[in-house]
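Order of writing sets the chain letters: A, B and C. Residues in each chain are counted from 1.
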Amino acid sequence: MPLDTHSELLKSIDINEFYKLCITSTSKRPDSRSYLDCRPLKCLPNILQNSNGSSMIRLGNTRVICSIKCQLAKPSLKSPSCGYIQPLVLLPRTQAYTSFGRRTQIINNNAVLSQTLLDIILKSNMLHLDDLCIEQGKWVWCVSCDLFCINNDGNLLDCCLLAIVHALKQTTLYTVKIDSDTGKPLVYTKEKLKLKLYDEPLCCTMFVYDNELIVDPTLNEEQVATTLIHVVLLKNDQICLLNKTGGTIFPTEKFQQCYGLAKQYIHSQRQILEKANDSKTVE
Amino acid sequence: MDTSSTTMKTSTKNNLTSTSNMEHVAAFDLISVEGYRMDGRKSDELRQFRCLFNTMSDADGSCYLEHGNCKLLAMIYGPYEGRSNQEQAVITCDFSMTQYCVSERRLKTYGDLKSQKIQMSIQRVFQQAILTETYPKSQIDIYLKILQSDGNDYCPCVNATTLALINAGIPLKDFVCSSTVGNIQGKYIVDLNQQEEQQQTPKLTLTIMPQRNEIVSLSCESRVHAITYNDMLDSATNACQQLFSSMKQAVIEQLKTSLNLLHDN
Amino acid sequence: MSSYYCVPGDRLCPADSARPGPGTYEKQGCIFASIAGSIKLNLSENELGAVSHNKNTSNNEKPIITVVREEHQLAVPTVGLLAYCKITHVSPRFVRCNMFAINNQPLKSICHGMIKREAIDSNNKDTVECSQKFRPDDIVIARIISLGDSNSYLLSTAEPELGVVAARTSTGETLVPVACCKMRCPKTNIIESRKVAKIQNDFIEETER
């Protein structure tokens, strides 16, 4: 039996065994990355015409499209000068029937991811909701971020956050003036204003296997890993979110190591993002 | 009663969105004096066609198609063990749009009447085109996702599904190509975009198997004189043949690259 | 390396000069391609010698024309092939399993299979107890004997070479086969009964030597 089909078979029989074998025999991951390597990252800005801002992120085989749409809306009574921002993640419904469990689970995942992203956006102060106000108590912008995951190969949170940040950077708002007589808003589609961003939270996901920290898990690795750790850092390396999802316990010193790793990883991500932005402005 | 009221609602809503974000262009402006259309094409020229294969590693076959401003994904899952016990494969189709594919953000992305219609017609077309006897007791799923819409969604969906099925290696009788043709100012223009689609002029949608010269489906939902109808059919067939040659080229390119990869390894 | 590519719907040749193989279909006296790939022409064995023999050709003497895809081909469960499966459920009358590979070719998605009590062993069919032959999570090689009903394929292990190839105890220890119906835990030496595949036996003897 050729070797590659053998490992394929082992993978379908017992994924844990397969992973263990791979790690112990080569001390490398099945896709021949070392523990701290991340997959190649590619950012494409402005891929959709009908949106105010859009982006596509490719991290290995994981692909996420983000589209930002701004619409006029009435503010809530509680906070009359605040706009809205609503991230909404959609995993493709197609994958519900293959290896990803039931449809309800997918819907749950969507909700969890969307809420986590909303939390990150609000807590990190990356955009001030006051900026989205047009006239107090009357009109505000409602920024909806629709994320569509074309291909899920693990590490979705990193990708989604990257996609949102990258798309928000491209986002332009129309100028709106309120007609003083009728009170109706007039939209000037020709005059555009860039949305102001105050920070850039980026996320690093890792997991613990055999007392080793491994970054950027693929979908198979997410099945093997008992615990995932998300670290979200701001521009000045402040921690914005730190999340460990149950699973194996490990000592507090490990968290220090996590932080160091995340710092490195996010630095490299930030560089790639900036490069993608620069090349766009040159063109 | 209930259903009729919902249709009324959706149709009025659609009308609203279409008029509010599209400046109305009179029909006589669509073709310039020199004979060029709004986007600079000649009357028998297709929009730009580009496709990529194997975009979803998870699916058995997949294709990303860009046809002018229309961008969509087609994925094939299967043939896998289905629930039915029929002698031939069952084909299902799932068509959905994204919230951001049209200029106004839409909340409902699937299950409305328009997408159900597309779903049904694609299912029927491919039940004909696929050699379903090859896979008894199994099921083939077609998933279509519109990322950016440009008027007619049906034609790009058919073309993308054909390419994705070929990518998945599912036996087909022939390619299936689909295109539209319209009649504006006595000229037959092919492959309408959104602006041209919205005119109140005769339109014809044709789906053919280009190498057998067989019509799979044809729809013409407007008043057309019988004489012009034949001409429209001719130019639609021409458009489909053009489309076929570019699709064939894309498939052969893909075959060559995969062969080269195989031999390099 | 042939450079003749074809796409679905291409007319390959008239039907009286060749026989349609995989990837092609016959219609209106012509053979057409049904998938995209490269064209292969296989001569049957007696073709070379008997080309000029007589014109009353039987089907055997025509070459078979096929279209071959360069990428992986999709494995489809077919009667007579060997399947790797994992046992999911054992009941007194039958055993349910998930097939994940066919003839060493992994399936894209698992298929459901069922082994009936009568098809487990070839000798003393009537006294077979399913729970004495398989346990859940065993890896089994079985032959597909029928496409079965809408829920599952029918499998059989009633051959010496078919049966359990890998199994574990409840504590996760890998079992070692010792006889055609027994497996032993290497740590506790407890014997468990299984329908063991014979290939494994030879292999074990070789390694112990």
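A few notes on this one:
Note that in this section a residue touches a chain if its C-beta (ideal position, glycine included) is under 8 Å from a C-beta of that chain, and two chains touch if they have at least 3 such contacts.
Keep in mind that what you see is a predicted model, and the values were worked out from it rather than measured.
Averaging C-alpha coordinates per chain and comparing to subunit B, the farthest chain turns out to be C.
Two chain pairs, A-B and B-C, are compared here, and B-C has more C-beta pairs in contact (counted per touch definition above). Taking each chain's centre as the average of its CA atoms, subunit A and subunit C sit 43 Å apart. With centres set at the average Cα position, the gap from subunit A to subunit B is 32 Å.
For this pair, subunit B with subunit C, the centres built from the Cα atoms lie 39 Å apart.
Shared interface positions of subunit C, i.e. residues touching 2 or more other chains, are given as 109.
Contacts with at least two other chains are made by residues 98 of subunit A. For subunit A in complex with subunit B, the residues that touch the partner chain are 48-51, 54, 61, 63, 65, 67, 69, 71, 88, 90, 92-95, 97-98, 144, 146, 148, 150-153.
Of all residues in subunit C, only 1, 5, 7-11, 23, 25, 27, 32, 34-38, 69-71, 73-74, 76-77, 108-109, 111-112, 147, 149-150 touch subunit B in the complex they form.
On the side of subunit B, the complex with subunit C involves touching residues 60, 79-81, 83-85, 131, 135-138, 166, 168-175, 209-212, 248, 251-252, 255-256, 258-259, 262-263. The part of subunit B that touches subunit A in the complex is made up of residues 55-59, 69, 71, 73, 75, 77, 94, 96, 98-103, 105, 141, 143, 145, 147-149.
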